[in-house]
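Next up: the structures, one after another.
Next, two complexes with chain A in common: one pairs it with chain B, the other with chain C.
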Partner chain A sequence: MSLDDAMQTFIIECRELLESMEAALLSAEEAPASEEAINAIFRAAHTIKGSAGLFGLDHIVSFVHVAESVLDKVRNNEIPLDPPLVALMLQVCDHIGLLVSYLEQFKEPDNDLLEGSAILQAGLSTYLSDTPQPSASTLPVEHDAPYESEGGTPVETDNWHLSLRFNQDVLRNGMDPLSFIRYLGTLGKIVSIVTLTDTLPPLDAMDPETCYLGFEISFSSTADKADIESVFDFVREGSQIHILPPRSKISEYIQLIQSMPADDMRLGELLIKCGTLTRQELEDGLASQRTVESPDQVKPIGEVLIEQNVVQPVVVAAALDKQKAVKDVKTAEASLIRVDANKLDQLINLVGELIIASSGASLIAQKEALPHLLESTSTISRLVETIRDSALSLRMVPIGGTFSKFKRVVRDVSAELGKDIQLEISGEETELDKTVVEKIGDPLTHLVRNSMDHGIEPAEVRLARGKPVVGTLKLDAYHDSGNIIIEVSDDGGGLNKDKIFAKAVERGLIKPDQIMSENEIYNLIFEPGFSTADAVSNLSGRGVGMDVVRRNIEALRGTVEIRSVLGEGATMRIRLPLTLAIIDGFLVEVGDSSYVVPLDMVIECIELPVTQAGHDAENDADFINLRGEVLPYLRLRKHFEINGEPPRRENVVVVQFGDRKMGIVVDHLMGELQTVIKPLGKVLNKIRGIGGFTILGSGRVALIVDVPSMMQEAEHAAHEHITQKT
Partner chain B sequence: MVETVKQAVATGQSLVAGGRALEDQQQYLTFMLGSETFAINILSIKEIIEYGNLTIVPKMPSFIRGVINLRGAVVPVIDLAARFSRGEAAISRKSCIVIIEVDHEEVQQVIGVLVDAVNEVLEIASEQIEPVPSFGAKIRTDFIDGMGKVDQKFVIILNVNQVLSVDEMAELVQA
Partner chain C sequence: MTITVNINGAMGHVVIEGEMTIFEAAEYHAALMPPVTQCHMLELDLTNVTEIDTSGLQLLVSAKLRSQQTGSTLSITGHSETVQQVLDATDLAGFFGDQVVLTASE
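For the complex of A and B:
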């Protein structure tokens, strides 16, 4: 792990900590903060400060330190965690996030940033000033009692003694021992430090990446042992770190000296040099040690310590518990692996190739009609299918993370708007592709803001309408026939059909005499340059946004629908595919070309009734009677201008998208297959009616039919046809 | 024929990769469109494959012939004759698809070009390349990099990034 990698981990960790800090703050705002929540906030700040200290990021350390001090007071019930403080702390969160992102972009903190730090620090220090915090040095030392001992005189010094022998690989692991010592300096005062260079080999044998140094430190601090120990958490592995509390017994020092590989006297000298021991103390200690030393007295160190009343039994038990807890956390961590997204993509690409290759093999097996071969290829296909599913599930993440971000958005926006709005979240566990999750954030934010701004009415209006004063915004997610549905609903005024229509006419989007269905009118709000807000607000109402929302969602092969009841509320329903890479498809043929219809849209396949086949194609009234239902259809041959005569018997693939059904007339039905979606590429990106390519087992390229856009186009064409006639 | 040229393309590339290619002595692949000879700098050429297994994409301008499967990647094939507004190329036994890499927004796009026949890989010294005539070449002047003198005749050296301009073609696809 290089330093850059470590830094990357630090950045990711910070982000996560900030997220949990924000979540805890928001929950503290809703209900009186539980002790746990406050601790969580404090811990997050503390950990960020600690890690930043390791990297020598002084500007972050000093900033977070102030926040931490305030939080510490909150933790000690000295000041309440009231809404203004929460608001301030949220700003602090944001600012830390900003500091971290500067780090990520390798930017030096500029003046604006530092100014921001200063302003927030000033805000925070008002909380500190009213109960002046005693400076570290005047705090009473509370650690004396447990360390009192009988068998030996305590040493004279009041300082901690730290004996550090770093793991030789510490530099290679991306840590700089100096940064730990520097960080140690934030906990107290380093009284003296002696650097051990004994293990340093001759220059020609020295490996520049190996750490040969050890340190003996005399340290004055009011921090407790756990805090000092935690400084070295990152390098504990493979390093020898001994921390002796102030006024430890001589024998402990002796033990320390003996536990070190270096020769006793040499170390003793060092301790003297450090100012930890006086020469007299050392000599006495060594002498007494020699007298009692005999093999049968070797006891586990814990026991020895207890016996000598250095540590109380409780402390040992607590330490053991802590060790166990650390272990538990480690196992939980081990069950999660961070993987580079590129590696995952590569795996999924390979699985895609595997699918193509295996369907190629199946094809040959079918042609050759060898029973054994057929059997083994079908086994392979089944396995490949399982591999595909598990490979894709690697990319699946629950949407909860995205949803919980909206707590903050709703909080901030409702404050800005002066409306009281609560957020209800359900379906957080619904999983979808990571790429989709990443890209759905922006459109969702737009929709949420829009609902809050335009949907939910001001309190007076709500009261007059007999609704609860507090508006409700709901976020929900669930699976529905191979798609994922995300809903943003509010209990506001709903969409005003007439107002939208009038506005669209005014904006020249439609003609005043146009006849439109309710849905079509609602969809007008997604047209570029459409906005119904009478006053342009800070949030929405600039007419940008809703069209961007639709574009973003369509880019994910999804759609957005609106359900609205005037006076009762509106629901925006986003429908998205589960994954972007691989789909189950239904293969059809028209002429020489193969087309794939996404299987989750196919409802059934029927033969085109012969009487219908002879239907005059010039007349656009193309529909069939599907068990009493009118089913409009379009001929793929005609739609795609494919040359050649249709066969005598044609087939209809009945597809459904949202609540609309349509028939697609094709020559032959070839059956189901799994396909890997190949993007259209830059040149063919803007083509309509085709969603992508896929490669068949035979090696030929087939076209994936983009059902929604085809439906839209057919409706549009029909529309124009009618307008032309009238 | 195709095999030998393919080999030439391969060696040409290794020559360049070895850094031994001379600045003023660039290599070009010459090919036929109808009765005319054109040339493309070999550096942008990935490979040459025989014509076949083309999938037609509906509702495309005539110069987009279709797409092919190039070892798992879907590559659009451009009919160069149609791109030069000379009508669609007829397919013969000698028809080839030249696979070319063009830069588009710092990403390499792979595009296939349908030609009537490939000839050979030539070295054309820079002093043998004449500037583009302002008219008379019968194709858009921005498509031409220069006129190479080969055996007392001129071959049109094409500017691949212009001829296969991704933006321009994407515009035409949309229309």
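For the complex of A and C:
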């Protein structure tokens, strides 16, 4: 792995860590932060700092270091994680992201960037200086503490336990921690000592005059606490000196465990370091926890150990929690592998070719009518189908990741607008193609911002309308007949269709006497000419850049529609195909040409009633009576201007898209087939009604019918038809 | 203090004599950087170190950590009595993993 590759990995890792840090921060803002969340935030900062150090990225290390120090204080409950701090930390997140993107673009950090670092660092350092002295908060408690138990029995050790983390400036102040340890030797016997090097930066990043080392000491002595404490009198300021007497209260050990660095922390070592537990006792405890099968029946490790009278449970539980958090992260890492997206694309392409080849083979088998060959080709087809599905599922990712990014957007925008808006997310487990997920982010952001900006009313208006003061924005995703639906809904004012209509007339988009359905009027806001600056205030402003939204969505073969109830809110519904590459198709024939209709949209096939068959030319906007329902239909033969006589019996393929139905009249129905969608060349891609093409097993080309655009075409034609008549 | 640095390709030999304390820490840090970053095999001779404090110790630890991460070798070929005492007192002798050679007089 070259340095560049490693750097790339570092950048990706950083982005992921920042994402999880941001998520944890946002959740901390909503509810009081759990210890787990705080640890996650701290770990993210810590890991970024560590990795940056490996690459000698001093500017990142020094910046993250300050943030980490503040987070460490949060972790030790020295300062609360209050909203201002969360806000600051979010800025820190952004800034780290910025630092990383400079790295990605091989740009040297410029002045603006460094200035940004300095400002945030200044903000962070106020937290570092304002905090109460840690020694003051921990030591007095122990001073008068009775050695008897308070919340449990005392631990078994007969030794003092000293946990020393020196003030970083201790060396500069002319004191040497080693000399304190040497002096300690005169008061008793150092039973064991562990030198902690966790905070020691790499050689090139370290400041040789800063003290980085910490010590954990098990100390056997007859001296009293005041004597031992007095050893550290000179260094107490700014240092974390914990002195636990023999047979201390358990709570004090827990406090100590919690103040230990989180990484590389093996529980066994830790407890043995602390002299609290033997390895055997620990292993027994872990083993009995493992035997408990169902997760909801898992007893807290403390209970397990209490039952066995092994050790003071609280101590173990605290340590186990920590270890588990570290372990969880590791297993998550282990069960995922990174694959180059290009490799996946290549795989999908190959699977596509495989599908074509295998349908070619089945075709030959059918022609030759050899039972054995037929049997084996059908087995192959089935397997290929499975391969196709699993290959495609490799590209499927849950949309939750995209959704959770909006927590931040909603938070920031609502602060910017001075509105109180909460985000509700559902359907985050809905999966869709990775390329779609990547491309849907921008349009979604636009819709979300629009809803917040113009949809949800200011608090006063909401109160006046009798709505809850807090506005709600909902993101939802679900599957619907081979499509994925993503909804952005708000409980704001909704769209005013009269105003939109008037505005569109004013802009010259429509004629004043045009008759339009409610839906069509709403859709006007997606027209390019509609978005103008002065539309913002009055017209609830939707339409600012909305044409871009629609274009982006259409590029994904999707559509967007609006539902709105005036005064109650609006819903933007994005409908996207599940995947861009391969679909199940329904093969039909008209004359000599083959067409494929996406199978997901096909509801049923019927024969065109004979009474309808003859009547054609003049009365073009045909419809049939489908079990009492009016079903408009379109003749593919006429639509694509195919010559030749229609057969005596024609068939209707009934398709559905959204809540609309339509019939497509064709000559023959050929059946299902797996279709690899090949995009049309540039010359042809303006043709309406065709979404791509595919190659059949016989080697012939079939066009894929683009049902949505064909429906629009048909409706359009119907309108003109009516206008001509009237 | 004196620090003698010999770099011969990927091999390095560093002799430190005198005090290794906070007062010289910056100088040691600067002097150790090139051999530690450039050499795959680095020998540190601390036979004549008269005094070592936390700053000196953490420099050694950091250099050793770096060598472990990069897969190079850093070995301490000679320990003065002071160095040895400090390594013992901090239980870091095992971390460095060097053979401690005692002089005959002990």
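Quick note on the criterion: the second predicted complex is superposed on the first by the 499 of 726 C-alpha atoms of A that agree within 3 Å, B and C clash if a C-alpha of one lies under 4 Å from a C-alpha of the other, contacts with A are read in each partner's own complex, and residues count from 1 in each chain.
The rule we apply is simple: a contact is a pair of C-beta atoms (placed from the backbone, for glycine too) under 8 Å apart; a residue touches a chain by one contact, two chains touch by 3 or more.
None of these values were measured; they are calculated from a predicted model.
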| item | value |
| --- | --- |
| Touched partner set for A:Cys211, first chain B, second chain C, both or neither | second |
| Chain B versus chain C as contact partner of A:Ser404, first or second or both or neither | neither |
| First, second, both or neither for A:Gln121, with chain B first and chain C second | neither |
| Partner chain in contact with A:Gly681 - chain B first, chain C second, else both or neither | first |
| Partner chain in contact with A:Leu703 - chain B first, chain C second, else both or neither | first |
| Contacts on chain A seen with chain B and repeated with chain C across the two complexes | none |
| Residues of chain B defined as touching chain A within the complex | 53, 55-60, 64, 67-69, 72-76, 104, 107, 109, 111, 166, 169-170, 173-174 |
| Residues of chain C that touch chain A when the two form their complex | 21-22, 25-26, 28-29, 32-33, 36-37, 53-55, 57-59, 61-63, 65-66, 69, 86, 89-92, 95 |
| Touching residues on chain A, where the partner in the complex is chain C | 54, 170-172, 174, 176-179, 181-182, 185, 190, 192-195, 197, 200-204, 206, 208-209, 211-213, 215 |
| Chain A to chain B touching residues, read off their complex | 353, 356, 592-594, 639-642, 678, 681-690, 693, 695, 699-703 |
